[in-house]
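Handing you this structure, nothing more for now.
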Amino acid sequence: MRLGLGLIGSGFMGKTHAFGFIDVNQTFDLPVKVDRVILADVGSRAEAAASALGFPAFTSDWRELVTRKDVDIVDITTPNALHKEIALAAISAGKHVYCEKPLAPLAADALEMVRAAEAAGVVTAVGFNYLKNPMLKLAREIIDSGEIGEVRSFNGIHAEDYMTDADAPWTWRLDPAGGGGALADLGSHVVATARYLVGPIAEVLGDVRTVIADRPDAPESKTRRKVEVEDIGRAFVRFENGATGCIQASWIETGRKMQHDFSIAGSKGGIAFSQERFNELDLYLTSDQSGRRGFRKIFAAPEHEPYGDFCVAPGHQIGFNDLKTIEVHDFLRAIAGEKTDHADFREGFEVQRTVETIYRSSEAGAWLKVA
Amino acid sequence: MRLGLGLIGSGFMGKTHAFGFIDVNQTFDLPVKVDRVILADVGSRAEAAASALGFPAFTSDWRELVTRKDVDIVDITTPNALHKEIALAAISAGKHVYCEKPLAPLAADALEMVRAAEAAGVVTAVGFNYLKNPMLKLAREIIDSGEIGEVRSFNGIHAEDYMTDADAPWTWRLDPAGGGGALADLGSHVVATARYLVGPIAEVLGDVRTVIADRPDAPESKTRRKVEVEDIGRAFVRFENGATGCIQASWIETGRKMQHDFSIAGSKGGIAFSQERFNELDLYLTSDQSGRRGFRKIFAAPEHEPYGDFCVAPGHQIGFNDLKTIEVHDFLRAIAGEKTDHADFREGFEVQRTVETIYRSSEAGAWLKVA
Amino acid sequence: MRLGLGLIGSGFMGKTHAFGFIDVNQTFDLPVKVDRVILADVGSRAEAAASALGFPAFTSDWRELVTRKDVDIVDITTPNALHKEIALAAISAGKHVYCEKPLAPLAADALEMVRAAEAAGVVTAVGFNYLKNPMLKLAREIIDSGEIGEVRSFNGIHAEDYMTDADAPWTWRLDPAGGGGALADLGSHVVATARYLVGPIAEVLGDVRTVIADRPDAPESKTRRKVEVEDIGRAFVRFENGATGCIQASWIETGRKMQHDFSIAGSKGGIAFSQERFNELDLYLTSDQSGRRGFRKIFAAPEHEPYGDFCVAPGHQIGFNDLKTIEVHDFLRAIAGEKTDHADFREGFEVQRTVETIYRSSEAGAWLKVA
Amino acid sequence: MRLGLGLIGSGFMGKTHAFGFIDVNQTFDLPVKVDRVILADVGSRAEAAASALGFPAFTSDWRELVTRKDVDIVDITTPNALHKEIALAAISAGKHVYCEKPLAPLAADALEMVRAAEAAGVVTAVGFNYLKNPMLKLAREIIDSGEIGEVRSFNGIHAEDYMTDADAPWTWRLDPAGGGGALADLGSHVVATARYLVGPIAEVLGDVRTVIADRPDAPESKTRRKVEVEDIGRAFVRFENGATGCIQASWIETGRKMQHDFSIAGSKGGIAFSQERFNELDLYLTSDQSGRRGFRKIFAAPEHEPYGDFCVAPGHQIGFNDLKTIEVHDFLRAIAGEKTDHADFREGFEVQRTVETIYRSSEAGAWLKVA
């Protein structure tokens, strides 16, 4: 099966997606082959990007792209505010849609996208590529098989420090129209991980905090602008299966570059993980012999699919960009009719609805049901 | 100055305290010398313990001990329920009092103890020996000196797994009269650390959870008894200085043996610590040169007081029992009139009041002021 | 500039090289563009591989490939025994040559290749892709700038465990005609790293050991065949600059998957590295303030070139295959006339000569000069 | 049984020994009780030290001490050059002798001490307290039980950095009459560990290096004195059981404070250890399920004897001084007639003979048998 790709946006994420589609066929033996057809971006950027990324055609009008007959997949990497309009147009043209997270700043809009896609029967995917790590797949397999017993608690954090400096100027991340701050941007990844490994979140108790009250409104500017989104977001959660947990996000955790860490405690074992070393998973089993128990540091190896498609030997390590390639792979497999566990639009909506409930809970100062 | 010691209780903590008083004079050059005078315990245990621990006298009546003229220090390591009565008697006899934590199951009782001690002008100490770690003293020095700027957040956890097995039988830890479960037992240490490093906690939002609903009421018993205390306790906190944080405690975190970990984010740096490796402190400074920044792993060394009193060279490591010796040292220094930062009865009360507020907040499902 | 690529071999390394040439233009903004022209492999494998890897032509005769006018680069990933003959033919046809390590089983043959290439003035590269890690480039920059003072010692090891099982059957790695065992296969990487960071090795004292005397001569076979190559190789070394060190290699280090670790001690600091976490480098500086000294864990970040071409943010991590892309990048930059520090044929020869001297030293039981 | 202790020397090691004898009875339930009888040191230091360390008598003449009737144990912590004379006198007086390492600068002298002790039938001990770590005992138990199969290799290093600064003045450690430099001082610990875990060393190939050629002959002095002992010592070794290994020692490994690390590879598993975190042992077992294999980080716990005598719960950690207490415990148990695996004079001699052979091998540039 050959499929035509239309890519909208050619910034950092646009490039990463393009590479994902190129690398996927180098890396995997897939029945689906993808042809780069057309790239859309604003004004003159489209032509240069199309040439650099190997798209034979380009346009500055995404509407032209989504309706082309030779485009089967629409890949959206534009600013968040445009996701919904483009996705709905693509879905109504019968295209499969791959969209960066978040689907839309508001969960209600995301839900509209989900409903349209499900009604149209197209395949969708949303960019939560941390989930595509073979070590997370291993964690899920360990949990699902009952190796650590019944899951009792989840403790996760995503912390970075790119907003630590109070004099770092305004960026699009601070725009409240984007749907939130550190919790929306980083915490959503922890919500996605928690859902992937433990299951749906039923209730939340949130606490979001703006620490740096104002920032320069532009580089070198002496005028400061009020910050309306949070620098730190936290929530206690109760999962539908009864487990409870804690989710934290911060973009001012000085010194942390990529701390997407979690611990899971089960009745018969535990799991610990850090994205800073994402080719490793720590596993503790109470069934190990007394005096010999301890967290095992398991390195990613060919037995942990699909690591072996990237490296023939253990411990060699896949990189961040390879996670995107795996995400594209799962999306294409789903289009080819295979059963996958990848994050589709509905999952994207569920994550967002959970995040949104945390904001409302923080405002209310009370537990709220995710519904 | 020579001081007479009366020790009440000779279980695990009683022994640890006795050793602390013996080791303190071996380790430190102190103006105060302590003579072991009398040991009190229940029934026939007193005699054997007095002999083993080097106390010339013994009694089964703690009242006799607290009123002896040759006793200057009363050291209480009995079950928690007895702390208050004994301490009040000792204080009223004009003795300095050293009491294991918690001062009492209820903060109101603890407060009564504080008031009595302050009115009597005796020196007090409560057993939070994790705080006596030279690496925590270093962390405080780093914070106080402004090296990491203004503290913005604190993320702490104390997790162990000694209650993981749902068939582990009932213990005194599960007695609701003890004041609580994992939060009171372990979380209180995180509260103490947070207060020591960041300052008083003004408000809390709690969430406590009983995960294992019932347990065998005795070893080998088939009758199960309902558990009324929490296995997991969590709280979001706001410090008086404006920083916010998260505090977690669990005794069912499978695989964790002594996870008393915290991260502190400041405007110019960060600190990370794990009790599993308590002779190390990680420090990040934004003032380091670009491309060379990273958390520095600092090993305890003679320049970190009072490590050098135990080991003449860096990296050799002090042990858990040495922390108790340092605690005794600080208590004796305070008796000798020196200024110390050790946890006295007031600090013990403040910790407990914070813990108690977390319980009430969890019940209310709302933020509560600590007051 | 457009260059035509002829690839010989399409096994694991052949594929990795092909991907490197594809990814290099996605990742870097290069003046040189590479067109895949022709692929050579044995018999019918060539056609399938050419199709899978995007080469428009294929052949089962590598001689045809090396003499094609539209081929500018010959890339050799055949079994080691063929490297020399192919490389000499390619060089004599005026092609730039990229060859997997080792250049040839014997250093004398490697030298012949070097001399031919240097006489012809073509650009060469040999596959030591661990060296292309931005963290190793950082280590070299730190050393060259004098930040850790004068280098005094180097301690390196490359240990894996893929030959641990004494009943694992015979493989090509055990063929003595290949030039050696664990030392040639893995230790050569440590030699390369040592040379890259510290400089040429003047003298060696070797010790190589065959631990598993015989192995099944084929899968499931009960006939055992004598092993003639070493499972463990070690050497003490003296560098030309006076520093000394230790180099170790093992393929039976049970539990190790990719332990390519080293420590470097300088007069003003130290460096430590592990390939198991190759996006990190530990740096110690004696110039740090007393009481605040410790190894800093530096995560790969955009300021460490060329990490930023793969990930726009620190801590995201590049993978093993990305190292090959960087290697191809440097090779192409060299063809374009830029100054690079990549491993060319001469460097490949120097590594091999050092390895060979270790074998001879081990046999002699005495120090030998590398010459 | 009550035994009288005579301690000779009251410097750092003297104090540590005294504390060990005091703590041993607090910590362990021993049939042997030790009374501090007399302390000997030079001139006026004896009186002050006796008072501080709780010895009722003191002397400036060690000969008086070794012949006293009420002294059963002579404990020698003097400068190395005096060890032999004192030990021989104590042995001839029928005393049990505990001596700091090394027994004597020359192995021949150490052997004389061994023979005297064995002829007299007294119990001896030499101070290799790293060996008394419960985690090393665990490692030995794992090896002896065959859990990791046949041991194939040992890779150990002891590196610190207290001599890194080329302008650090002369100390007694640099005196060639002391028997050597970093290898004798630190490397001897690795030899002891290797022997404890793997067995006797049959052959060695040494390489010792003086890196800093001269140092100030006194603090603040501008006169420099030639250094005649090594800063770095290394050896390849062959054990009697056929395993091979590498042993390294350095006191100029900048940044390392207490790196006494080793890895052991067996046919069915591996062990790794670092003294920097000496309450942990890493264990890898090939018998673990595929996809779940990894080094397990085992924390010291009550099931690892005699950790439980110090801490009732796992992960609390013993300290460096506790290792000395365990050493004293084993010595006293041996005196009481129990079977122990502690390092006696013969073991002290064997370590020293091995170290001495490494020096001779380094000079010869050739393998030498330890004999």
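As written, the chains take the letters A, B, C and D, and residue 1 is the first residue of each chain.
As a working rule, a contact is a pair of C-beta atoms (placed from the backbone, for glycine too) under 8 Å apart; a residue touches a chain by one contact, two chains touch by 3 or more.
Being a predicted model, the structure only gives us computed values, none of them experimental.
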Equivalent interface positions on chain A and chain D, same or different at half: same
Farthest chain (mean CA position) relative to chain C: B
Between chain D and chain A, distance of the C-alpha-averaged centres to the nearest whole Å: 54
Mean-CA-position distance for chain D and chain C (Å): 41
CA centroid of chain A to CA centroid of chain C, Å: 35
Contacts with two or more other chains, residues of chain D listed in rising order: 256, 293-295, 299, 301
Residues of chain A defined as touching chain C within the complex: 12, 15, 18-19, 22-23, 26-27, 53, 160, 162, 256-259, 275-278, 299, 301, 310-322
Interface residues, chain B side, partner chain C - complex: 138, 142, 282-283, 288, 290-299, 301, 303-304
Residue numbers on chain B that touch chain A, as the complex places them: 148, 152-153, 155, 157, 159, 161, 164-166, 205, 207, 209, 211, 231-232, 234, 236, 244, 246, 248, 250, 252-256, 263, 265-270, 272, 284, 286, 293-295, 365-367
